[in-house]
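In what follows, subunit A forms one complex with subunit B and a second complex with subunit C.
Showing the complex of A and B:
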């Protein structure tokens, strides 16, 4: 019985539909419409999708015969994706890259966002894979969109190749899962696994292994992280911010969906795999970040480490763990966007803006942004009382709770190490000497990015004080994940 | 109630820096004064005989994981809160009178530092305690890093690395405490009062205490964890050095008395001898090194190391008198050190880079200064009749009853204190008049008097009427050290409070509606 229930799918439909609209808006003959139309349309669509996600908030609704779900989990994650996309749209307001590609840029961003929302809202394996592919393919193009820059092309190509390998692993894993259970629907797979005691079934184990690898690529978790620094460095900074927040959130959502949503019964089979990549990510990300002098590469390695922290919550396999992961996703979104906003602005102010040295003594010229970057760095490092601290505290607490205290210790040591490189950035901003020779020029507009940066920094603080209500929401989402 | 100072301080932070210096100054003063006023209000309404926390304020934060905003003061905390508000108010006055470059930012950081310290002294939740402990580091690090002298980078690095290591050990201990407590009682909480009731096994208690003690020892700093001290004290602006020595070091001793000893009595007992030893070494080492310094600032800095050793001695003696002395001495030391640094600031106007040998005979041109300095020096070396004498006497009495050796060795420190303080006085104020700068600059001006006078008056007040402080601490101290006394197998008649099997947290009165404790039941078993 095909039950369409199109309302439940409206957020995705709005975003995907507007993706087409923006593309055509970029082709109309009037210059003004070409210039502002696509971005405005994209912004409106994102806000509309947020409103719809808010309206739909509540118990699970299924659309398209259960292929798309709208429950607290997917709707909550919609907000992460939509906020990230909105930030990119604000970043690119009058950005040089998009001058002659008005339509394509927002269109691809929207397409990618729709893919992320499909991932979080998928009800079966096909939709899930479709979502992953949609988000990746749009991003391959976005990374390479500054075609006149060799680095950008290189970044797009690298991402394409590595991403394709990851997708192949993932698809193979999904196929194995189908083979093991004979069903594509999450609900049926879950029932099948719990009824037939499939634990230690070779098919299932292979499926788990392949899925972990495939998603590990997408989440840039070690040891599948090698592409991350190069791609992050080469891609336009706005897109880098989008990748490190949206894509990561989508991959984490897929992790949660598959392992906690449909495979909770066979926890013993997948826990070790996730713990392994979590530990590897924390170790590799934090150690490699220590020697980075390029801000985008530093943030790339830091995002690898952060993926490791997020995976801790998944590895616990408990509701508290999922809840902590969801909370940390929001905190991570806020602090990462704030950091990237400052990098982006600096890139538009000085020629070598992505180098750490370019921030030297930055607070003298721009105290507001210096404070924003400081909050972002301190929060990423997990300094109380910022939200990064609360998030890590929750994650590590959930690990201890699940008898994985040693994992929490690894995470804590990792964050000690991370303090060194995060504080180095802070130190350079506040205690460094300004270079009078430095050529200050205006390469692009900074207003949109400033707004994003300040808002995100405030959000990073506000999340701390609103921990209680937000955790309630996250708990609801985590519980709906486990609902049959 | 306690929230008032925080809100006020936050207001100042929010002030935009563009609007000129005058409103910023005004806001900073208002922030500090509101904090002070709220503090006086609390002091007026404080029940001097109560052992429990008073003026408790709780707010939900993240209750699912045991985090909550939970603050209150007891007979120990109230004095430190008072010390903090007074000293920071004076620091802000001093900043306004002799403004550094980029004054608004400096004031903002001062107020943030004050907020963190007030939060720390009032926190009744281990996580909150940790949060403020970390938060305190940030403004101080910035003040050293931006306004410090040419050595500031390395000093800052050391300061941050040392304290971060301590903090992380403490974080592990905080989380560990809660989880161990949950295994014991089945209740998951970070509340310090509730954790006191938990019976940890000896190993648990020892390990957790060790974690906390390490963090405190670094912040204190206790010998041999003082590696950051000379550089940080040397590189920081004088005002910040004064605050580091006067207030921030108290945070650590306070932690020992508030968290370390009462929550982990067995662990504290196991660490008595090592900590006493380190404290005694610190006293002797600090005094000897202070004697050999050529810079006035470092002389005071090292003397502060010795004085902190005394305070640790008083706490680790697990004796009511010793503990009372320790609290009194925390306040005394805060005032005296702040005054000493203020004096250094004044004298160094006539000196070359605060070098002792660059001035002498100043009393001829700066008689008022000489008088004040002599007064402060007397207090610093704890001459009978001064405020510090009462404190040190209490501490030594308390310690002597249980650890004769420690008390005897510690008196060396008193002797040396006389030597180095008098040397400083003699070298700079006696002898032929000589100065690198204009000698008359070393005289006390009206500006200096504004912030110096309250300190001196406070010193005199405590010297003449120490009971004002000491009396109010008794009940709290008894409550804090009694478990450790039991753990130390003291004879029953020496245990401050009869064995208090704390009722399970479930039947404890909710914060806010507990009956006013009167003198009769403060010491009685509940």
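Showing the complex of A and C:
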């Protein structure tokens, strides 16, 4: 008799269930409920799911006969996804763009979040694939949700086609993994691979190659990154922030789950592939970002480079590497949300808010947000004592310990190059001339985004001073990946 | 009983996957691109069903059924977007969709 144990799946169930509720709330006849109901319901559900993730914290519990896991790894990542989703909900509070789409917007955000949580908490290949698809399909629609804007449509259609190709590669890889081992359950696949030395088996090699390509598309790692700048630029800025934090975290979670969770025994087969895309991402992301004058494209290329740093931790194949990757995911979440919050606010203040020039002399009009953006940029560039520095230090350190010192050197050189374009933004904010002819106007509310920005910037600093307790938590999560 | 060897299933599915990929790389109309992606997903389905028979379990067939549902939902979003693009009277050619560059 299959063991249901529904309690272990409650965080996902809350989020997925409320996704349906918000859709209905957007249709009720009372105007006030229609305006605030869906966003309030979505926010409540996200906080409830966070509380449940905290309550479930502990050793592994299985739901639905082991198809959904609740262990330290999945629960820790739930916080990344839920915080990113909560930030998007705050961004869209009273936003004009979502006026006539009150219900759909939070509903799709919740559906996508539920998909991310399924990825981190999956116990077999079907759940993993369903999670990846749920998060992607909801995002295709979210990118194109501003249907009256040509760029939004273009971004949605591009993301759909590239994302579907990525999914097809990923699925074919999963099919090969099933073929090589004869099982869909992670625990049985892991056992099968460790018992009968399957290293260099052709189906397994094909599976690894296809899965790396498929997840590379999802994590926007080079050379599968071509879609990223266009999609990030065209999508509504709140959704761009969600994609660059949540989706990236989900793809990295899938990388960790597959390569460190179920394929640690055949490290020799996959390490070279991960190293290749990590190096390519660091090189391509940092070089292409140098010439960008559009903040959203700049952050898109920077996110490609950041994906490269995160992949270094996975390439090491050690617990310390996984631990560093998880820590950096939190640091990355904080600094990226802070940066996107400022871009979003600027977009609502001036018509060309996503251009770099629009931040010229920004500290005169808004010193608080100027400081927020400065912290975000310095942290992304890896200046001590911000959390971006600690995260990179841990990642590169884990590479040195795993005898991959040259990989750490590549990462360090990439970071040095990245200082140029991050500091350019800081320079424009503090030393740029304010354009007296610039038309300042209120195109939308900025309160929610300001709260997100300030909180994230504070978190980017706080993560440094709480490094040790957070690392302990990350270590528990990384170890739970390998627990039988 | 004479059974089809596993190599036959995998060859067919690999050819289908390659055809799909070729379609994605060569076609420029979003509708045809969606069709090509469908071909890639169904190539994986053939492989899943073949492996399922090879390992004498039904797991792979269950997976294939789930994939069909997922593929259908992907196409629904895709067609919705194509209709939205059409309503805006934009050219249905992904090469011309280049308002964003750089």
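Quick note on the criterion: the second predicted complex is superposed on the first by the 484 of 484 C-alpha atoms of A that agree within 3 Å, B and C clash if a C-alpha of one lies under 4 Å from a C-alpha of the other, contacts with A are read in each partner's own complex, and residues count from 1 in each chain.
Basically, a contact is a pair of C-beta atoms (placed from the backbone, for glycine too) under 8 Å apart; a residue touches a chain by one contact, two chains touch by 3 or more.
Quantities reported herein were computed from a predicted structural model and do not represent experimental measurements.
Asks: Please work out whether A:422 is in contact with subunit B alone, subunit C alone, both, or neither, and reply first, second, both or neither.
Replies: Neither: A:422 stays clear of subunit B and subunit C.
Asks: Which holds for A:397: it touches subunit B only (first), subunit C only (second), both, or neither?
Replies: first
Asks: Between subunit B and subunit C, point out the one touching more subunit A residues.
Replies: Comparing touch counts on subunit A for subunit B and subunit C gives C.
Asks: Name the contact category of A:475: first (subunit B only), second (subunit C only), both, or neither.
Replies: First partner only, subunit B.
Asks: Which partner does A:385 contact after superposing on A: first (subunit B), second (subunit C), both, neither?
Replies: first
Asks: Of the two partner chains, subunit B (first) and subunit C (second), which one does A:367 touch, if any: first, second, both, or neither?
Replies: first
Asks: Under the contact definition given at the top, report the residues of subunit A touching subunit B in one complex and subunit C in the other.
Replies: none
Asks: What residues of subunit A sit close enough to touch subunit B in their complex?
Replies: 320, 323, 367, 378, 383-385, 389-390, 393-394, 396-397, 400-401, 405, 408-409, 412, 416, 419, 423, 427, 430-431, 465, 467-468, 471, 475
Asks: Which positions of subunit C touch subunit A when the two form their complex?
Replies: Going by the criterion above, the answer is residues 10, 13, 17, 20-21, 24, 30, 33-34, 37, 40-41, 43-44, 47-48, 50-52, 54-55, 57, 59-60, 62-63, 66-67, 70, 73-74, 77-78, 80-82, 84-85, 88, 90, 94, 97, 99-100, 102.
Asks: What residues on subunit A touch subunit C, complex-wise?
Replies: 125-126, 129-130, 133, 137, 140-141, 144, 147, 150-151, 153-158, 160-161, 164-165, 167-169, 171-172, 174-176, 178-179, 182-184, 229-230, 233-234, 291-292, 294, 297
Asks: Under the stated contact criterion, what part of subunit B meets subunit A in this complex?
Replies: Listed in rising order, the residues of subunit B that touch subunit A are 17, 60-65, 67, 127, 130-132, 134-135, 138, 142, 145-146, 152-153, 156, 160, 164-165, 168, 171-172, 175, 179.
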